[in-house]
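Structures for review follow.
Look at the two complexes coming up: subunit A is in both, with subunit B in one and subunit C in the other.
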Partner chain A sequence: MGGYVESAVWLAYGPMALVFFLSLVAAFYYKPKWVGDPSEFRVCSITGMKVHIPAGSLIKANLWMAFLFLALGGVMAFGVAFTRWPVVHLLPDTLFYRALTMHGLAMLVFWIVWFEVALMYFTITSIIGARLAAIRTAWIAFGLMLGGSLVVVLTVLTGNADIMFTSYPPLMAHQWYYWGILVFAVGAFFACAVYYVTMAVAFREKVITGSLPLGVYGMSAGVTITLLTLFHGAVFYFPTWLWSMGLFQNIDVVIYRLIFWAFGHSSQQINVCMMIACWYMVGTLSIGSKPLNEKLCRTAYVLYILFICIASEHHLLVDPAISPAHKAFNTGYFMHMAVLASMIHALAVPASYEIALRKKGYTQGLFEWLKKAPWSNPAFSASCLSIVGFGWVGGITGVTFGTEQLNIISHNTWRMTGHFHGTVVAGTSLAFMSMTYYMIPIALKKEIAFPSLAKIQPWLFGPGVILFAVTMMFIGGFGIPRRHWDITFSEAAFSFSFNPIVSVGFIICAIGWTMAIIGGLSFVVIAIGSLLNDKEVE
Partner chain B sequence: MFSLLCASPGFAEEAGGGSGLGYGLVFSIATLFIGGVGVSQMKYRDKTILIFFAIIGSGTYPSVNAYMANMSLIPKNTVTITASRYNFEVQGEAKVGEPTKVMAAATDVTHAAFIKELGVNLACLPGKGGTKGRDNFRIIVPQQAGTYKIKCVEYCGELHGNMSVDMAGEFVVKP
Partner chain C sequence: MSLYTPEKHWWKPMDREEMIWVTIAFIWCQLITFIMPFSHAYGKHNPPAVTSKASTAEYGAKVDKFIAENKTGEEAGVAVVEVKPEVKEIYIVGRSYQWEPVLKLQQGKEYILHLSSGDYEHGMSIQPMNMNIMALPGYDYHLRITPDQAGEYFIICNEFCGAGHHMMTGKIYVS
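Right after this comes the complex of A and B.
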């Protein structure tokens, strides 16, 4: 049954491995003839570092796309959320599943990847102060990603790909959907290549001497996982694409799901790496924090790279692909290798914030440093809320739900939805929002627009997401399924009703959704306003 | 050490291959190696943190044991769930207190059978071109008699929200 897939795996792996190998060889022998032109740099008034000016337009272009997709995902979120609430039940079933597919793709793939590419270029050019090598390739990457994402959006919105983000076969989308995804992925691969080439050039030109700053080290770990993830993505998307064109007769869904989650969960680990890098960078930029123990933090990043594929298997706990023994041992033991890394950061990041604030003289009692922290600085407050959201809402629940026993009563229920809104939205998205408040002034030399709105934005978005994520997990415990149009089963032949407390949960969720949507919308307004802002940072 | 204790010999056959022994060995060696290197590099405070993690981590051992104990039971009954758009077909019955093997597969697209009260949550996967896919199973010991509705928890098409569209799809547990 898996014959087609296996041969396709080789079809995909062969060229990709060759390209990877050749690019490694090229990077080794590449000798830059052109040494950085001093007129291409300016000195940043915030960090005092050199900033590469031509990289600015690339960062700007990538940020534009990120914010536009965040807005699109937000509109879809509104439709999805208020359809789930039985009192409103906004959309009909077809439109609901379409909106859900678009919401997943726009948020989990496009907003996050576009932002991550901007973040990659930002760290390498503005934090390290290197010149962005291969600018033309970076623009090609931008073009590929733009083309791919537009094709995907059009295919989904026209109703040709109502198959959810996971797109498990035999549910088949139109071939253009897979085209779009693949082209987007090739673009992202080019962006990663630009990052590494830039870093190699920076080492060669002695811009980087010694080891990388911790934030950039975290970004590099993220980019490394990106490469692994893209390979996994190619392994199943490529044959699936051929299948959608009728060239393959069958896709083995068991193998598809296995490899999909090596892609799907590893991609979340990219977000985690880059989010934690943002926490470190925002801490340094806002309060001058320094990591507690660099060696420990760096080890944690290495643990992510080494163990993320093993940890991804908790997605397969209800699958026949792996044996029960494997499941039990994996989720009982191996998963914790990656979890350990998160726990190291969970202690190290807040501790570094505390030490930095205590050094500023807030030493009275246990919590004076917390009371007098710069809460009105949107970057700092967003970062702190993101730590709370990721660690206490998304992370801890993820570890517990990931164990075999709890998973069996939680898999595919709203507990999962609540958990990953804690990690990806309250964690990653909020951390990226906090980073935006520094990226735009540093890389683009533009002031943040609507500063008073910016002060309250994290306080709307963060608590809003945390509120609905926790509530979703709570009522998910009563067995509310995820990806479900109508939990009242009004059109089903049988009648079924959940515990009445669920309806109270929905009201709390609705409050959280409203807060989060308003917070997200104000972020889009602030961010796009800042990109259009003429006011320069002095 | 704990992981070695978890591997029960009868279990491998039931699970269809893959005894836990290999994993236990690999894990123990990896832990010793990483732990040893880590601790030798650490200061006093970091060692305290490590011990803290170890205490939390040890909480997972008994739960893994409990799960393994359940999965290595010899089932007396078998209940087969076959999912297709938009219905569940159930064959067989379970009895209170008797280990039951619940099998699940699908014939068209991916579905998932979920009965929270019984701890059944199984992906139902299709095979090649409309055939039944690989059987997915779980061993449960029902505690309460009754008729349970199976809910689909994997998106399977437009009417996924209302699966089952007729009165079938009931999981019966006899007293």
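Right after this comes the complex of A and C.
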């Protein structure tokens, strides 16, 4: 069993590897028509580095979309969360499933990817100081992503795609849904191409001499994984789209799930690469931290690229068709080499923070550096909370639930939902928020609006998410299922009630949800306020 | 610094602390990897290994035949099935939105429980023990189980399967 599943996947890899290789070659043979004009640059007063001014409008446009989608996702989070709490049970069933589909897509796909595109342009033009080489292509990418995401949002909100972001067949959405996702993905692919082309041009024009700065190196690792990820995406979204139009008869659910998670899991690795790049960059910007050992940090990024894309079967541990040996090999050997990479960063990032703070003279005892750290700098505090949330809440639980035997008692329960709110919300989203506090002043020369609100924003969002994520995992251990409208089973044939301690869990969750939603919306207000801010950074 | 080009030769040996940490982390990673095959050899709680292909129609026919041969009654409109002591192969199917049939099992006896779906993807989640296995259409998953505690077990669906997903339940009795 499973043999033909594997051969189908290997067949799909051949063309993908070829396209990947060709796109790299193309990037290096791209001939720039004009050479950078010095008047297009200014020197940033924060970093003292060159910033490419025309890239600013692109970064701004992409940030706008990211923040708007974060707001949309936040509104949906409110509806979803307070429906799950049986005491409130806010939305009726169809609206709940629709809001949950929208929440997953708006957050995990749109907020994160829009932000990552802005971050890619930011690192290459404001940190490296290269000129954005293919501005027109970058705007085409923006247009495609905008078109695709609007189509998806409209299809979902009009009730034509109540199938969750995983869109597992045979659940079928309207064809426009797949169409929107594909167009969005093509746009994201163009954005990656722009990043690589800009980098190739920067090497040729001698803007980059020597190795890439570590932050940019991490971003590049992320972009490389993005390309691999997008090809996996095409391999299953395209046939699924044809299927939704009736041009294709049977979709094999196991192959779909296998390739979906090859795509879905490596997407998370993009987030991890870019999140860690943010930790390094924010550390340097806020306290002047330095990477400990460049060799170690860079090797860790290479481990991500090499191992994570292949290791995605921890999503399929209790699925039929794939043999336990295969699952153990895939999740064990490959996965844990990527875990090793995370463990390396788990030492390197906090240690670099500590060393930088000790250099400032906070050397008394073991913890003076922690006490005297700039906790009221929102970028710094958000980064630190993100490190704690990702490592302790998301990471450790992920490794635990990702073993075959423990997965049986956690698959599709709230243990999972709690785990990935640790990784992707307390970790990635908070790291991106922290980066925003520097990105807007550096790339757009605008001051952060509402500075006093900004000081407390990470302290609402971070602890809020950590609180509800941990509690969700706790009550998930009693079997609370994910994606479920009615855990009292009032309309079901048989009735069952969970351990009563679960209702206490929900109350704690509700506190966390409220903090996180207020923290998230404050961030949107601060971020959009800053984009509209007239006050310039001197 | 992470924003600036590093010095030319950054390929330097690790410090002692770094070396210790990486070694510990590496050993830890090998340990978690090792736990999985180890539990397969010595543990009692492993993901099932055997699968066969069965179209939804084929599998549905098998379940219907199984119910017709072994039905002993009904509960809440769902067939209740109790097999003869010599029968080892039993069936369950997830159909939107019901787990069928209700099974009556004997404590301490080993069964092969066939699990599949009649339509969409479903998640068989047995409570309160919290055991979760996927039921996928087209695939017949053979679960080798030995119920070791008597009592009433409840099945919910924890993979979203459509508008009535939250109404999907089932039951297992062990005596």
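We take it that the second predicted complex is superposed on the first by the 505 of 538 C-alpha atoms of A that agree within 3 Å, B and C clash if a C-alpha of one lies under 4 Å from a C-alpha of the other, contacts with A are read in each partner's own complex, and residues count from 1 in each chain.
Throughout what follows, a residue touches a chain if its C-beta (ideal position, glycine included) is under 8 Å from a C-beta of that chain, and two chains touch if they have at least 3 such contacts.
Model, not experiment: these values are computed from the prediction.
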| item | value |
| --- | --- |
| Three-chain arrangement built on subunit A, subunit B and subunit C clash or fit | clash |
| Per-residue touch tally on subunit A - higher for subunit B or for subunit C | C |
| First (subunit B), second (subunit C), both or neither touched by A:I127 | second |
| Which of subunit B and subunit C A:Q249 touches, first, second, both or neither | first |
| First, second, both or neither for A:D93, with subunit B first and subunit C second | both |
| Partner chain(s) touched by A:F367 [first = subunit B, second = subunit C, both, neither] | neither |
| Partner chain in contact with A:G210 - subunit B first, subunit C second, else both or neither | second |
| Touching partner for A:K290 - first (subunit B), second (subunit C), both, neither | second |
| First (subunit B), second (subunit C), both or neither touched by A:N499 | second |
| Which of subunit B and subunit C A:H326 touches, first, second, both or neither | first |
| On subunit A, positions contacted by subunit B and by subunit C | 1, 93-94, 97, 162-164, 168, 170-171, 253-254, 257, 293, 295-296, 318-320, 323-325, 328, 332-333, 336, 340, 343, 347, 403-405, 407-409, 411-413, 478-479, 481-487, 489, 491-494, 496 |
| Residues of subunit C that touch subunit A when the two form their complex | 1-6, 8, 10-12, 14-15, 18, 21-22, 25-26, 28-30, 32-37, 39-40, 43, 45-53, 75-78, 98, 115, 119-121, 123, 125, 127-128, 130-134, 136-141, 154, 156-163, 165-171 |
| List of subunit A residues in touch with subunit B within their complex | 1, 93-94, 97, 162-164, 166, 168-171, 249-250, 253-254, 257, 293, 295-296, 299, 318-320, 322-326, 328-330, 332-334, 336, 340, 343, 347, 403-405, 407-409, 411-413, 478-479, 481-487, 489, 491-494, 496 |
| List of subunit A residues in touch with subunit C within their complex | 1-2, 47, 49, 93-94, 97, 127, 162-164, 168, 170-171, 208-215, 252-254, 257, 277, 280-281, 283-285, 288-296, 298, 317-321, 323-325, 327-328, 331-333, 336-337, 339-340, 343-344, 347, 399, 403-405, 407-413, 477-479, 481-487, 489, 491-496, 498-499 |
| Complex contacts: residues of subunit B adjacent to subunit A | 3, 6-7, 11-12, 15-20, 23-24, 27, 38, 41-43, 46, 49, 53, 57, 60-61, 63-64, 66-68, 71, 108-110, 112, 114, 116, 119-123, 125-129, 133-138, 149, 151-167, 169 |
